[in-house]
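For clarity, chains are labelled A, B and C in written order, and residue numbers in each chain start from 1.
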């Protein structure tokens, strides 16, 4: 797909509107990416407008209505082990699940990209210091690192997000460092340096614009992993605490119900799966669209 | 070549030392006193002091680290606060159970990945290729702990053909049918990510090799399809095996979620117990052993790969 | 005011060695003698051509002059003031860069793909304190000067332009600080021949119009001859020969220069194949042995060439050559006889 020469239309669009418009134009023709983006937008809107959309209070249950199956009258997606409406809990669950999945990647993007740009641009001993420190974290498989840190810090949303941030800083820093090292060696950075600009200006004007794109794409591909890990931590009991609605935690508390009401028990995981796969596909689409070779 | 091996070995030492530092520091990440978990809230100061002395917590931190490391090197990872048994004996059983699970998972992941990847690489652009790509994307996007639950719902609850919990009678691995039945579902669950990653790798490798000029030349010389296939295998095998080797490491360290779903008595399950009982020596020991296993495995994979194919000499 | 014209740019014994590292056990697996004690000067308003095969240190010299890499030794004087030296006799690197600019070979890589043409040209003036509006107006003036209509090109991105257009942009960018000296590092080498001619003529026009001084680096001897007043031939980090363009092309003194010239495609059949062409690539510049560096490929090499480093000796008329064959009494069989010195007592 990337190898084909850009159509006249694309070139014309580029002439008129520049790089980002070209990317948008390409994206809009990629049906799969557009579908994923729309689904994610839908989930985001659902999370924001949860109080308006949810038919019931997600915290209030009824002993009499425990574990109603999917399609019960009044309870479209059934009820959970405490008789709370599943639909409402899934809608509200989007809030914490999205925040816990996305926020660590954003935090790690800020910290990791800063470290990576510094290491890549300055090189030398500073590079060695930063990158060797980061190598240490590569000695731990990501799940183990996340569990170890949040386990040591203790259960809780904030601690889980701290743990996930620490998990994602090393890969982002590594990618940023390698892209920055490449960009730093390009002639236009030399030319800008030759015009007397200081490091800060060089980074701001010439390095960031060329580094952040690829790093951002890489970070979007991590959101999928982050969603799974964040919900995984909640599933282990290390993230959110009951009775908060969060998909991973819901999966955990419904685990005992798989014999009684398997359909309902599997629902929260299906949500995680859907969001995660959409982020993955959207990241692939973005990568293809932003790859303007020429 | 020899010097590269030596160099690689030396580069691992600082990493291994850093790993021990990180594992040791985990104690100080934890809020409050490491002893707070086992002490009653109304413990007298005298009792606290005596326990601190007993666990060596009254000494300066670097000294504590040195003592801990010195013992760890001799195979003594301390005593589990919760059970009172040595951490190493708790770990031994758990690690071997996890290893069994990870090996089965790798076997499934590698076999499926190689089959899917080869088929897709040979049939690029067809619906078959697209299906395989979709499976690969789904494989890395699926929350595998959820997939485990779904498998339990299908195979244990609905059809009742496979057990849902544990490693079988006795809790230890034995080569018999009953234990094999127990390992089926967790192994399939844990194999999803390696299947997806091996598929992607093999597909890219096969497509790349088939597209290269030497294959065209071989075909032109009248080589049979099987002959071409043999060349593909020879060229794709080192990288595929290396990818799988690294994945085995991830399975060992990342099995905690799957082990929790299936109550598999492995290291992840132990880790879970250690966290919730705030059993710091057990937590430290488990993470240390798993991380060192991961580092060693990566080293071995790197060295073996370099041995097979000296062109790949990573810095 | 001194009566002898002071050189605008004077380079004294400039040196850059790159240490090769291989791993943690063997620090310093060798040293690349990229630029080794190179000295030359450039008068205001002239064009000095620098020629040599790839790896001879041409580009490293350019980058050393711009202080894009730090020299190991030597001085560079701009208008008599030492670049990067402290005090009133020194000149800060930043100020030096204001007076000396550079055009790179790869027209695409030397433009930031994320910036419009106008922003790329305006960058340097903004760095040196112009307001954004002033800088953009200067950028548009420069676009017109290099023959690109500002209203059509200012808002475009590099990937939308042809190689020749991009190189014009790079020239405009180099001129944006109103420098005295422009270093053209293989600036036309990547262009098609027809486009190359246009850009060369543009460079000549700009030189007259703006009173510029050029350092014209190229491996193409025809182009260098067309552009330069004087020519410097480099071989493995050393100056082999330097002199007025007529002397270098007409009264060639160094075997290396002769070999280069004989390998040069010529329109004149009579000039072809007078000399055996150079065989193979230049030897590695890593830890070169003592003596003349060209001797491994030189048809006239004798023992003396391996024993002593040749030094630049005057041939008259500002023509200097580093070759034992031209040095009186060097011991080379082709060298002129030593000037008779009075016998001791």
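For the reader, a short list of remarks on this structure follows.
Rule of thumb we're sticking to: contacts are C-beta pairs under 8 Å (C-beta built on N, C-alpha and C of every residue); 3 or more make two chains touch, one makes a residue touch a chain.
Every value quoted in this text rests on a predicted model; they were computed, and no experiment measured them.
Of all chains shown, the one whose average CA position lies nearest the global CA mean is A. Chain centres were defined as the mean of their Cα atoms; on that basis the chain farthest from chain B turns out to be C.
With centres defined as mean CA coordinates, chain B is found 23 Å away from chain A.
Mean C-alpha position of chain A lies 51 Å from that of chain C.
Taking each chain's centre as the mean of its C-alpha atoms, chain B lies 57 Å from chain C.
Those residues of chain A whose C-beta lies close enough to touch chain C in the complex are 11, 14-15, 18-19, 186-188, 190-197, 201, 205-206, 209-210, 292, 294. Chain contact summary for the complex, chain A toward chain B: residues 132, 135-136, 139-144, 147-149, 151-154, 224-225, 228, 231-232, 235-238, 248, 251, 255, 258-259, 262, 265-266, 268-270, 272-273, 276-277, 279-281, 284. Every residue of chain C that touches chain A in the complex is listed here, in rising order: 63, 66, 68, 93-94, 97-98, 101-102, 104-106, 109-116, 120, 123-124, 127-128, 156-157, 159-160, 170, 173, 176-177.
Taken together, the chain B residues at the contact with chain A in this complex read 14-16, 18-19, 22-23, 26-27, 29-31, 137-138, 140-147, 149-150, 152-153, 157-158, 249-250, 252-254, 256-257, 260-261, 271-272, 274-276, 283, 287, 290-291, 294-295.
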